[in-house]
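A, B, C and D label the chains in the order they appear, each numbered from 1.
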Amino acid sequence: MSRLPAAWRACVGTGRMELALRRDYQDSLALVQREIGFRHIRGHGLFSDGMGIHRPFTHLGQEHVRHSFTYLDQVVDLYLERGIRPFLELGFMPSGLASGDQTVFWWKGNITPPRSWSAWADLVRDTVTHLVDRYGLAEVRQWPIEVWNEPNLTQFWRDADADAYHRLYEISATTVKDVDAELQVGGPAISPGSDKWLETFAEFVVARDVPIDFVSRHAYTSGPAEHVPFGTHQTLAPASRLLEQFALPRRQLAGTPLDGLPVHITEFNSSYRPDNPIHDTAFHAAYLAPVVAAGGDHADSFSYWTFSDMFEEEGIPTALFHGGFGLLTHRQIKKPTFHLYAFLARMGEEVLSRGPHHLMTTDVTGRVTILAWAPVDHTDLRNSPSSHSLRLSLPMSGQSAFEVRSSVDEERGNAWTAWREMGRPASPTSRQLDWLREAAEPVRAHRRRPVVNGHVTVDLTLARHEVTLLEITPVCDETPSWWDDSRLLGTP
Amino acid sequence: MSRLPAAWRACVGTGRMELALRRDYQDSLALVQREIGFRHIRGHGLFSDGMGIHRPFTHLGQEHVRHSFTYLDQVVDLYLERGIRPFLELGFMPSGLASGDQTVFWWKGNITPPRSWSAWADLVRDTVTHLVDRYGLAEVRQWPIEVWNEPNLTQFWRDADADAYHRLYEISATTVKDVDAELQVGGPAISPGSDKWLETFAEFVVARDVPIDFVSRHAYTSGPAEHVPFGTHQTLAPASRLLEQFALPRRQLAGTPLDGLPVHITEFNSSYRPDNPIHDTAFHAAYLAPVVAAGGDHADSFSYWTFSDMFEEEGIPTALFHGGFGLLTHRQIKKPTFHLYAFLARMGEEVLSRGPHHLMTTDVTGRVTILAWAPVDHTDLRNSPSSHSLRLSLPMSGQSAFEVRSSVDEERGNAWTAWREMGRPASPTSRQLDWLREAAEPVRAHRRRPVVNGHVTVDLTLARHEVTLLEITPVCDETPSWWDDSRLLGTP
Amino acid sequence: MSRLPAAWRACVGTGRMELALRRDYQDSLALVQREIGFRHIRGHGLFSDGMGIHRPFTHLGQEHVRHSFTYLDQVVDLYLERGIRPFLELGFMPSGLASGDQTVFWWKGNITPPRSWSAWADLVRDTVTHLVDRYGLAEVRQWPIEVWNEPNLTQFWRDADADAYHRLYEISATTVKDVDAELQVGGPAISPGSDKWLETFAEFVVARDVPIDFVSRHAYTSGPAEHVPFGTHQTLAPASRLLEQFALPRRQLAGTPLDGLPVHITEFNSSYRPDNPIHDTAFHAAYLAPVVAAGGDHADSFSYWTFSDMFEEEGIPTALFHGGFGLLTHRQIKKPTFHLYAFLARMGEEVLSRGPHHLMTTDVTGRVTILAWAPVDHTDLRNSPSSHSLRLSLPMSGQSAFEVRSSVDEERGNAWTAWREMGRPASPTSRQLDWLREAAEPVRAHRRRPVVNGHVTVDLTLARHEVTLLEITPVCDETPSWWDDSRLLGTP
Amino acid sequence: MSRLPAAWRACVGTGRMELALRRDYQDSLALVQREIGFRHIRGHGLFSDGMGIHRPFTHLGQEHVRHSFTYLDQVVDLYLERGIRPFLELGFMPSGLASGDQTVFWWKGNITPPRSWSAWADLVRDTVTHLVDRYGLAEVRQWPIEVWNEPNLTQFWRDADADAYHRLYEISATTVKDVDAELQVGGPAISPGSDKWLETFAEFVVARDVPIDFVSRHAYTSGPAEHVPFGTHQTLAPASRLLEQFALPRRQLAGTPLDGLPVHITEFNSSYRPDNPIHDTAFHAAYLAPVVAAGGDHADSFSYWTFSDMFEEEGIPTALFHGGFGLLTHRQIKKPTFHLYAFLARMGEEVLSRGPHHLMTTDVTGRVTILAWAPVDHTDLRNSPSSHSLRLSLPMSGQSAFEVRSSVDEERGNAWTAWREMGRPASPTSRQLDWLREAAEPVRAHRRRPVVNGHVTVDLTLARHEVTLLEITPVCDETPSWWDDSRLLGTP
């Protein structure tokens, strides 16, 4: 038996940092933490104007800067209350420190290098120092600090200028280490498609002996965006491509001085678009299931991008379901991919077996859990098999076992399907929201199974795009000797 | 179209009054009120020692009585916070006022007449006056006040002495009316099996012109108790016998001066035993469905005995499921009969049609709801039909309709079945409780149905002991003209 | 006796509409509603981009607009949950409909007229229609609808163009009335300093027979802004100037066809700057006390601008106390002016007496309440009297009375003073926040007072800038005859 | 510097075990845990009938016993949710196992030895085994298990029969150790007045090598009960007598084989009567302050009897304040003694100094806290000094210090005084309860103090029966250079 690596829950993505001030965001995070329990949370916008940290002012004719943490404290206080730690991303550029006016997203994150490198260092130093003062060194040492986001793309870093990024990284990393040498810093947080960037970055930090505690990259499988109003469609590569992307950094660093550094996939998803309805489907859960089940073989974390539809990179959604990244919609409707994670969160820590369509674990109480998923056609979801069968055998003590099965598929545990049947109401009424919440719960079935020779045999049939969790426990029968259910209506 | 009478939710039963101080009770009542919404609550024990109202003491060698409302205030405050009003029952006898030591129940309610009739009148007067002072006259006038419980049975009233009861009633009723003439008072709260009692009582109050605002009785259908350790089995009469009992008081009073008085069935259930497992079954919901759907034709209220298993008349339960009356077990596991009520609470106010196995309503929004139930064999639940079919047609505007179906039956929405499969754990673990809560939720299915000539036709198949709710609403399709779900995975 | 008009709690101001999505905002609103209970809430930004309502898009080469209510529904749902109704303000201009790029505030509200008047009418019609559909006509008829904000100022309406405003008003008002003739619409929401505007506006609506259900204006008493970094200082006029401004519209409309229309002061405060620390002081509560106590003589509502420091018109605050308008700071620290309102909310509805420094009321239970305030020097708060005495006599039944006194002043019930003593921490720690919350509670004192000839005489001494509430009730003494407190330590 | 022993919060007393099912109890415990944070909770009644554990039944003519844990699980689940662990007391006797019918208390705890010693052992074994199964061995090893309560008194143990107790102890202790050798078991839980009992008990366990992990006794200082209706008055010995009682077991065991065993004072208070109003007074807090501050020098725990007035040993209280033991009344009104504990809970862990009327501590942040209390006249509370002065000096870094002072005394922070002034309403209205809650909060004052030569000097004046907490922290002044409070009203 091997242990299931905790990488799958090590981190989750979020919309820009100040969205954490929202009630819907906080309620969603509470639900996600209660039913899944991620360890860290990472998003953009720490230094963007909406957080109000970098505050230039003039006094007696002189220019000054105040670093202010009014909202940062509110956000981090909230994270810690919810039992989740920040995975900090240093970026984007405050407008008062920017060298240009290029921005990314509806909310206009400035993506230019700093006008003054020393002022950037001041900003990083003061922010990290403030966090250490407020939350303690022991706590902050557990928060990885990543430098910028996807500098290999021109929309995220002016001209995708590698030299400028290396300079940004070096200054940021040394400044962080000046605050405390055991704080963890890393990069380069690249998007897929520029894999060489990581190697060049690694050579740079090695050559100049720049501090580095982890490397990071992103992973997506979607093709070019085909836009429709308020939506995007895209082809997808097979899900196995995600695992390949997860695995690449370790391969790239093998044999270099950085061999063995932790690797964080600080964003992953199928499509990188927050308006692609594939995110809302049961297909999506079945497509990602083998990735989430096996990703821990390849990286130290892989962070689902993102936990909530409260996001706004492409503006404010015009309908409840709009293809957002979220595990949850606004108002906390669970999507099938939420359940994929929630199912994993109920599993044991010891792996009993794995297969192309299942993962089986156990725990100290003898409970066995099976996560199984249907095979999908990643080119046409209507072509995914309408059913798929599995036979599994598992060890069990006692005479019989109790099984609970929780499932989501094309019809069941699927609020998006219900929403389409309702006529896709953009603004569901209170009653419609209640129906959607009910429709979003997995179907549960329970049964007693015989134990034969210390084993239970399970014949499973999966519906189209089904993801299912079986929890099987030994029965300790407490039925009294005198009890007879056939007497329930007395003796006629 | 006719309106569905509100009698089904006019009142619900409860264990003895001070149990309302319990957290489990309060949480259960909150859940019941959120999902069902009863109007009044009635139980025993207002004047029993556990409420601490009647407090004799000696001072300077003289005997005195203090009437104290420490717990009564806590209980009534709680009721009103939960949006439910007391249906007061004057009884049992405080030990300091009792003329004997005969008691009923594990918790020893004294069932003897008062040692002093004037002291009893003082007790009633001070209590009612205190309630009026604290909650206001307008409020307390909405609380029916019933004199004693089942005085026709020797276990509830010493010797089942009718004359003594008449005296108790007269003194109580006139004392209540002395406080305020518009307070509502009634009786005789008799159990089934002594139907003549009601007539004798009516003659008495008419003859002596005693105040009376309503009459009350109880209804049960179970036969003799067959005891096993910690349980009881009983035969049941057909459910229609309950409706007959509901209807009897109006028949008995017809043509008398009391003709037209409100009739309250202040307790009803199948079995009158709090340790009969029939209460925990899906059979029970299907058995009672036609009674709850039609009872309002016969009485002004019929109060399900009781909302929670927190009860204790036969002592403290030794297992989670133990045949209690409750709609909910301890720790708020919903039983199938809970859902029967919760389904009704989702229905409209206008009746569209009724049949032997269904009730169909609508509301101002055009939503149509159908409650349907399977026929049962009341002599042997294993002989109930394994399936039952219904075809119903209903009016609907628009092109298509959205349907949500919620069901409970022998397997689904049935925590008791899950609990048996678990091995009947007396004290379920936290994980088992989670499974039971999930198993207790109705299965939900949703679909789009065509509207043809302004109607939807529904072919329903019910499983054994199924009770189901259909909610059907017109679809207003907001799908944009450009949207095409077949493009979800892009253009290959 | 006269009734105390409810104008003081009829409305309260708020930061821009989408701030209502924030958790801190919602928690603050919950606290304000629990302890004060305003009826309506008014703020800017309904149509600004942050609400995402006006959404232009291109499809098949054609330009279209979708009106989307994702956030509007979330905001209004929240308001109604908190027991407060919207006082809608139609504005500012969505960027997709704007005729220019002039903006106001850090959050860039566009202040130009619409590029298309018919598109503006569509926006108004669809929004109001949506609200009626979702919340019902009976509800929405209770929400006043005001057209724009301070069009008399160039920073709020391009060129302060009165003709353009009149056109905007006419189109908006007739569009609202097209949806339903009983919806309430009004304007012109002018700032102080352009009083003639109201008269011109009145002439315009009369001349063209434009619908109008109320008139509105604002009231402030501060002089020119003297800026320091992250703060502003201003002189103040006497508080009586606020009452004069409240009274002006009725005077202006007297004798015109609009005579008798409801007058809403849709914003008022001392300073109009959200970074003026005067808002945080006890002086401010004492300064405003006579205004809040008497304002209802002059207008139908006067809306304190604003309930919370979560505001952002001048950017994100850099310190907990920063001179924001709020009755509450971020994180719900109560300011003295909060208590002024909370004290009023505890008062009775019948006025017993009024004076320059007090208001005395009673209620049906015989409880008498006195709000009293110290006189202030509005030019130098250090010169306000260090104490002020009042003698008041009030009617009371019984032998004695119980009095509770709650006070805030320069030292007590004053978190700002405590915060200064702490060293003005920009980001207080959790422990400091606890101390601030405790420091922010009024001091309470209680005593027994004799009733002589049916009256209680109260000699009150007020400290500098004190605002105090006395609640005085008849004592009904339940002490038993045998009780003797001197026996508490037994008989030696 | 020495550490402040945690003995003061190691344990707290409670009314009989099933009262933990009450909502008021649970709310009170939540409040106590939030503001004080006790580690263990101890009360009577584990095996009494109200917990429903011992359940004899007859089947097929044979007598059997079922041990049932329905309520025990509910109670212990609640404790652990509230962050407090059981300090188990094995007793009293279930009626089905009792050898006589003598009972103690209104709720009739049976105080006779078991009819069958082996059945008692079965009961103990099954109960402890069940707890280990449900909560885990690691958890249950942290729960001390005490055998019976005050067996030296005839009202608690038939005939106060020492031999019978020794037998009970031996059987119980060995049975517990049979379940797991590391479970902690002890006794003899004697009341004051029979000090020799402990020595005899110690000799017995040594002689027979009976397992023992701790010894326990109780401590009270009240004289004979002088009853009035619904109340009791008693003289008190000086508070130092409590410390003497705490210290006695260590003295008694010194030099014996039991030397060094943990000593638990499993109950202490002034009066042992739950209807003595002294418990409700500020005198009581000042009287106990030196005991709570110093008790840890003498014993490993001393358990305040009890945290809540929800108690019922003398029946149901007839008035809100009735002399109950509780730190809180019903409905969570805080008594002065609550604050004594809450003040201690805010103190640091390192003792800086101690005196007859103060305790001074500090913590890692440099915060200094002082608990000070007024001297009392324990024979006549009207003779306690009306004021008392203290001068204290304490180390502090920086230029100045911020001080928060929280106080309760005869008038302030004293709900009992307010309640008397109200006329002692037995059943306070909702408004009166609000006033009482406000009156029950300590008065808070804050100020800036200078630091001179690294020290702050505090001159304290204490009012009659005052208990006060000072929290003093270094000020880090963040006031900007340009800030001038004298400019608050601008430049005239």
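Throughout what follows, a residue touches a chain if its C-beta (ideal position, glycine included) is under 8 Å from a C-beta of that chain, and two chains touch if they have at least 3 such contacts.
Just so you know, these numbers come straight off a predicted model, no measurement behind them.
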* Structure fact -> Contact-pair count is greater, between A-C and A-B, for A-B
* **Contact-pair overlap exceeding half with C-D, pair selected from B-D, A-C or A-B** => A-B
* Between subunit A and subunit B, what is the gap in Å from one C-alpha centre to the other? -> 47
* Asked: Roughly how many whole angstrom separate the Cα centroids of subunit A and subunit C?
  -> 42
* Where in subunit D do residues touch two or more other chains at once? -> 59, 228-230, 319, 426, 482
* **Interfacial residue positions of subunit D with respect to subunit C in the complex** => 222-223, 226, 228-231, 233-236, 277-278, 281, 283, 319, 378-382, 402, 404, 406, 411-412, 417-418, 420-426, 435, 438-439, 441, 443-448, 471, 475-480, 482-483, 485-492
* Structure fact -> The answer for subunit A against subunit C in the complex is residues 21-24, 26, 50-52, 55, 57-59, 64, 66, 68-71, 73-74, 77-78, 130, 134, 228-230, 315-320, 330-331, 426-427, 429-430
